[in-house]
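Each of the next two complexes has chain A plus one other chain: chain B in the first, chain C in the second.
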Partner chain A sequence: MFEYTSLITLIALAAILAYSFYAVLLAGQLSLAQLGLASLAVFTSSLVVPDDPLFGFIPPLVVGIVFGMLVGMIAAFILGLPLMRLRGVFLAIATLAFAEMVRIFLINQSWTNGAQGLSYPKLVGPGIAWSALVIVAFGFWRLSGSRLGRAFDAIREDELAATSMGINVARHRMLSFVIAGAISGLYGVLLGYFTRFADPNEFSFTAAVDGLVTAVVGGVVFFIGPVLGGLFLTVLPELQRTFGVEASWIRPLISGVLLLVVILFIPGGLAGLIPRRKSASKLITDPTLMPSLPGLPKRGTPLVSLRGLSKSYGGVTAVRVVDLDLGAGEVLGLIGPNGAGKTTLVNMVTGLTFQSAGTGEVLGNALTGRTKAHALAQAGVARTFQQIKLFGRLSALENVLVGSYRISRGTLLRRLIFLPSARRDERQTVAMASAQLARVGLADKAATPAGDLSYGDQRRLEIARALAAHPTLLVLDEPAAGMNRVEAGRLAALIRSLGTDGIGILVIEHNVRMMLETCDRIIVLNFGEVIASGAPADIARDPAVLEAYLGSDATASDEAVTRLAVQDLTATARLAETSRPRPEEKQ
Partner chain B sequence: MSGPILSIEGLQVNYGHVDAVRNVSFEVPTGSLVTLVGANGAGKTSVLNAVSGLIRPRRGTIRFKGEDVTRWPAHRMVKAGLVQVPEGREILATLTVAENLMLGGWHRRSTLATNVERMYERFPVLDERRKLQAGSLSGGEQQMLAIARALIAEPEVLLLDEPSMGLAPKIVDEVFAVIEEIRSAGTTVVLVEQNARRGLAAADFGYVLETGEITHSGVATALLADERVIEAYLGLE
Partner chain C sequence: MQQLMDGIFLGSIYALFAVGYTLVFGVLDRLNLAHAAVFSAGALVGIEVVTRSGLSIWLAVPIVMVVGALLGLIIERVAFRPLNGRHDAHFAGLISSIALGAIIIALLQARYGPDTTRFPPEVFPKKRFEFLGATVSLLQVLILIISVGLVVLLTWLVAKSKLGRGMRTIAENPHAASVLGINVNRVTSVTFAISSALGAAAGVLFTLNVNTAQLGIGHAVELKGLAVIIVGGLGSLPGALVGGVVLGLAEVYAVNYVGSSWRDMVAFGLLFLILVVRPQGLFGARKKREV
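Let's look at the complex of A and B:
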């Protein structure tokens, strides 16, 4: 009988350790520091845990758990300060080094009894271990589908895109690391008071690998994964013993093969086998649920003003002394040959790179080396990318939900106690996202993973995601690439309607016809310099532009294009003045 | 033009439950230029990828020079003489221009050196940049590199997926001039192009794909004059 209670407890402990890995994997990081944090927690707690209840009523184990989790969090935070700038395998190696340092340090201390280890009273049984596991799992359950959970998803899929949605990537990575620290501390203390013994060598590299494997086998896309992983890896050896598989070599072999089968053939781990109702694939089209949004600035309000902006990389000057102004409701086009510096320019406007010379102001924020992309995004800048940066494994709707990060409120804490206001907020966010999907014509693809969409649909989805942030300034980098003329025409209509709404739009595009039809004003860059700027019709006739960009055979058809553009613009202007159609109708 | 060098029959491609291509059949006569046009998600890229062996079709037969190549992997197709320039160029950004070109001749070792030199002559801009990382080239230069790399593999059939995407109008002119040149040198070309008017104008035959099926086909000039095609894909001039 004892054996079974012990097994049941070990399952819970393995799952809790797996959650400490899950917490960082969720945000796309690989840390191996968890066992080091756990051993710090269990050994330091031995110094403070009293024999009798604290103040007569707080049980010693509670003191140990709270203290251990605090130690784990603080150590993770301090460790995270230098290490959180590392990514991928470098982070793994650095955190592994930390865990080893802790182990060797603790072995050589007298208060830890060195390699002999410390003994602890038996305070943890299956009841306490499973209660702790249920609480941790509950937290992760409520995290998925909250605003914070979506931010972690976004960072895991694409950090740059997440930054551009206004998510502070550095802070969120640190947060996930500190959460992992708390769970590691919990694990360490529970393990010590369950096995009645702690020895620094227990918290070794092998143990870290076990925790990581448990998390991966269980699956890192669904909150129940670590529990399944813990169950699988703890019960498997027991089952083999029950079935009389005793030869010592065959047991690890069977475990290993089963492990490989899970990793190779079940994407998303064991949790991937569970069919689940995806709440985030249902559109909400009820207009009364739309969140109330702040109004956009008055038409013509200056949004962007650049003065003498330059950027050089080493000896190469990508952008040379560019002046640019953009007001609310204006559609400003940026054209020029490949490599003319267009993308570099918009990267400076959106805070992704910092100018080498000159000054700039975007939505009231001066562009300095300290202006971060996520801060500008929070101020109201949204963008799309030349190389599409969607969250490929998330559904189309989930992508757009991340986009509304800026205008939504955090829901995790309220979700933990099931406050109805959290649900209402979530529904408002979904309604906002649904409206944007519908606006770009992707409502019927809401549940499709973004990576499975066709190229042109991905471009449209990026625009919907940017619009979900309710931006004041929208930057579009080659939105029509990969679209045919009819689709590009529809996109042009959408862009014009956004301008009519009062959004300031900066658009880079090679589809000259579309630009002539869409833009109020066009700036032409060549070798980083402005060679022309003005009304579309003038640009299309400018000899310098023809020479550098349009090519000489463009002249013949150019007259027709220009005529068409001018007609189109006047028609649009007339339409806008007389009827002011709602954007939905215009499509 | 003699018989078909490439023939596709009853091609079907799925991604999970989604049918990307259903029952597509067409032939590519030797030495011709065939253009596939259609809306986004119509399945054009999936057709090319199935032909070049990058993805496995669910059903259908692909014949190249009379041989059934339906289940051949991509590297074997390249060796047999069918080479693809993929959507988005896919140049190896951290390798130099010269290294990119040399990798193009993986199966053509004996003629590699002369082929590379010929490409430098044809694309002087690549010659100037041979020691530079390919990722530092501009979009137009990268497209030229991708085409040159494919030509070094000595293709009998060249598949081009959206070669004009993201390029300035002037560079698009250059790309089409190169395509015209390749074709007049005797190489068969299959082109997927969003700039449908331009793509069809360069072609002998055109096929219009819609939600994974061919809805219009014929001599390219006829398609260019077909009102239904104009309305759906070409836009009014």
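Let's look at the complex of A and C:
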């Protein structure tokens, strides 16, 4: 009987350890510091935990748990300060080095009794361990689907895209790291007061690998994963013992083979086998549920003003002394041959790149070396990317929901106590996202993973995601690439209607015909310099533009072709002038 | 002087182990955590070959390298290739190689048992010389020569040979490499085979040097190997050699000045510091992300 209660407790402890890995994996990070944090927590708690209830009513174990979690969080925070800029395997190895340093440090201290270890009173049984596990699991259950949970999803899938949605990636990564620290501290204290013993060498690399394996085998896509992983990996050796598998090498062999099978053939981990309802696949089309949005600036309000902006990489000047102004409700086109510096310019406007010279102001924020892309996004800049950056594994609707990060409020804390206002907020966010999906014509594909959409659909989904932020300034980098004529035509109509709504739009595009039909004003870049700027009709007649597009030889050697091209451009321009109502006239 | 020599010899063994790690990482961008199991296998198989058949160590090492290469092929085929194209290939590769490493260790335990074994004492001439006031053994000199030789050979191979060009192309972009007519699977397999052959040879030399081997020796070197490749720069072969020597020297001096119980603190402290200050390592190149 004793053996079973101990087994049951060990399952809970393994699952709690796995949650400390789950917390970082959720945000796409791999940390191996958890065991170091856990051992710091359990050894320092031995210094403060009283024998009798504190103030006569707080049980010693509660003191230990709270203290241990605090130690874990604080240590994780301090460790995170220098390490959070590392990624992938570098972060894993740096955190592993930290855990090993803690282990060696503790072994060499007298207050920890060195490698002999410390004894603890037995305060933890299956009841307490499982209660702790349920609380942790509950937290992660409520996290998924909250605004914070979606931010973690976004960071895991694509950090750059998450930044451009206004998510402070550094802060969120640190947050997930500190959460992992708290759970590690909890694990350490529970383990010490369950096994009645702690030895620094128990908190080794092997133990960290076990925790990671438990988390990955359980699956990191669904909050129940760590529990399943803990169950699987704790019960497996016991089952073998029950079935009389005794040879000491057979057990690790079977465990190894099963682990290999799970990781190779069940990609989502054990939790991936559980059929579940997709939380975010249904649209909400009820217009009364739309959130009340702040109004956009008055038409013509200056949004972007660049003065003498330049960017050089080493000896190459990508953008040279560019002046640019964009007002609310204006559609400004940026055209130019490949390599003209268009994307570099746009990256400076959205805070991803810092200019080498010149000044710029975007939505009242001066562009400086300290301008953060997520801060500009919070101020109202939304963008799409030349190389599509969607969250490939999330559904189309979930992608757009991340876009609403800027205009929604955090819901996790309210979700934890099931406040109805959290649900209302979430339904409003879904309604907002649904409206954007419908606007770009993807309403029927809401549940499709973004990565499975066609190229043109992905372009439109990126626009919907940007629109869900209710932007003041929208930057589109080659939105029509890969679209056919009909699709491009629809896109042009959409862009014009967004301008009519009052959004300032900066659009890069190679489809000159579409640009002439769509934009209020066009700036032409070549070799980083502005070679022309003005109304579409003037641009189409500008000899410098024609030369940039057709080459200087074209005029001399093949006049007929040039004339044809000019005719084509000017004809389109005339068409644009006559067929398109100017926004000013409409007002 | 003695310490300097000892540090360099210790470091050259670390380097030999780490070269295998870094070769796979440089090409595939993945850590092969079964490498430590290959190291253990090399040591134990080497001992068996020498004690059972009485072959000289000079023949045993090539045999062990062949065994290592075969293990490498198995690791690539079982733990890494099935993950191609999976979005979580990075994490999954870590776990699947851990699992396969555990399987290899379990099989070694089945064959050799958990006990400590060693090479027969007469297997290697115990010749020693005086050199600049320090005593060095023939074995240590040999280890150094083999390590440096292999690193030079591999660096040449990667830089100049057709195989090396294939490796570098795949490292840059596996998809583009296959479009260019490079047999990605074959080059990857060969890379794993070379890497594991070196890991197994390192196991033999390490065991000769410390004169004892058991299942867990690979594990002890595993973390050191990680430190070495980070210090030297992930994916850089000369970096692995320099990193190994730096770590070896640091450890030898640490034992002398702060005591053996703090020895590993030096390795991990160095690792931590390098990652904070210069994550690309001494010889690595930093990769830039594109917009």
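Couple of notes before you dig in:
Note that in this section the second predicted complex is superposed on the first by the 549 of 587 C-alpha atoms of A that agree within 3 Å, B and C clash if a C-alpha of one lies under 4 Å from a C-alpha of the other, contacts with A are read in each partner's own complex, and residues count from 1 in each chain.
Please note the rule applied: a residue touches a chain if its C-beta (ideal position, glycine included) is under 8 Å from a C-beta of that chain, and two chains touch if they have at least 3 such contacts.
In this text, all values refer to a predicted model and were calculated from it rather than measured experimentally.
Of the two partner chains placed by superposition, only chain B is touched by A:H510; chain C is not. A count of residues in chain A touched by chain B and by chain C gives the higher number to C. In the superposition on chain A, A:L54 makes contact with neither chain B nor chain C. Legend: residue contacts after superposition of the two complexes on their common chain; A:P82 is shown touching chain C, with no touch to chain B.
Once chain A of one complex is fitted onto chain A of the other, the partner contacts of A:N484 are limited to chain B, with no touch recorded for chain C.
In the superposed pair of complexes, A:D457 makes contact with chain B only, with no contact to chain C. Of the two partner chains placed by superposition, chain B and chain C are both touched by A:Q386. Using the contact criterion defined above for the overlaid structures, shared-chain residue A:G339 touches chain B, although it does not reach chain C. Shared contact residues of chain A, touching chain B in one structure and chain C in the other: 386.
On the side of chain B, the complex with chain A involves touching residues 15-16, 18, 37-42, 45, 87, 137-141, 162, 165-173, 194-197, 232-235, 237.
If you check the complex, the residues on chain A that touch chain B are 335-339, 386, 448, 452-457, 478, 481-487, 489, 510, 512, 548-551, 553-554, 560. By the touch rule above, chain C contacts chain A in their complex via residues 25, 31, 78-79, 82-83, 86-88, 90-92, 94-96, 98-103, 105-107, 109-110, 114, 219, 222-223, 226-227, 230, 234, 261-262, 264-265, 268-269, 271-272, 275-276, 279, 289-291. Residues of chain A that touch chain C in their complex: 25, 30, 82-83, 86, 88-90, 93-94, 96-98, 100-101, 104-105, 107-108, 160, 205-206, 209, 212-213, 216-217, 247-253, 255-257, 259-260, 263-264, 267, 343, 347, 352, 385-387, 392-393.
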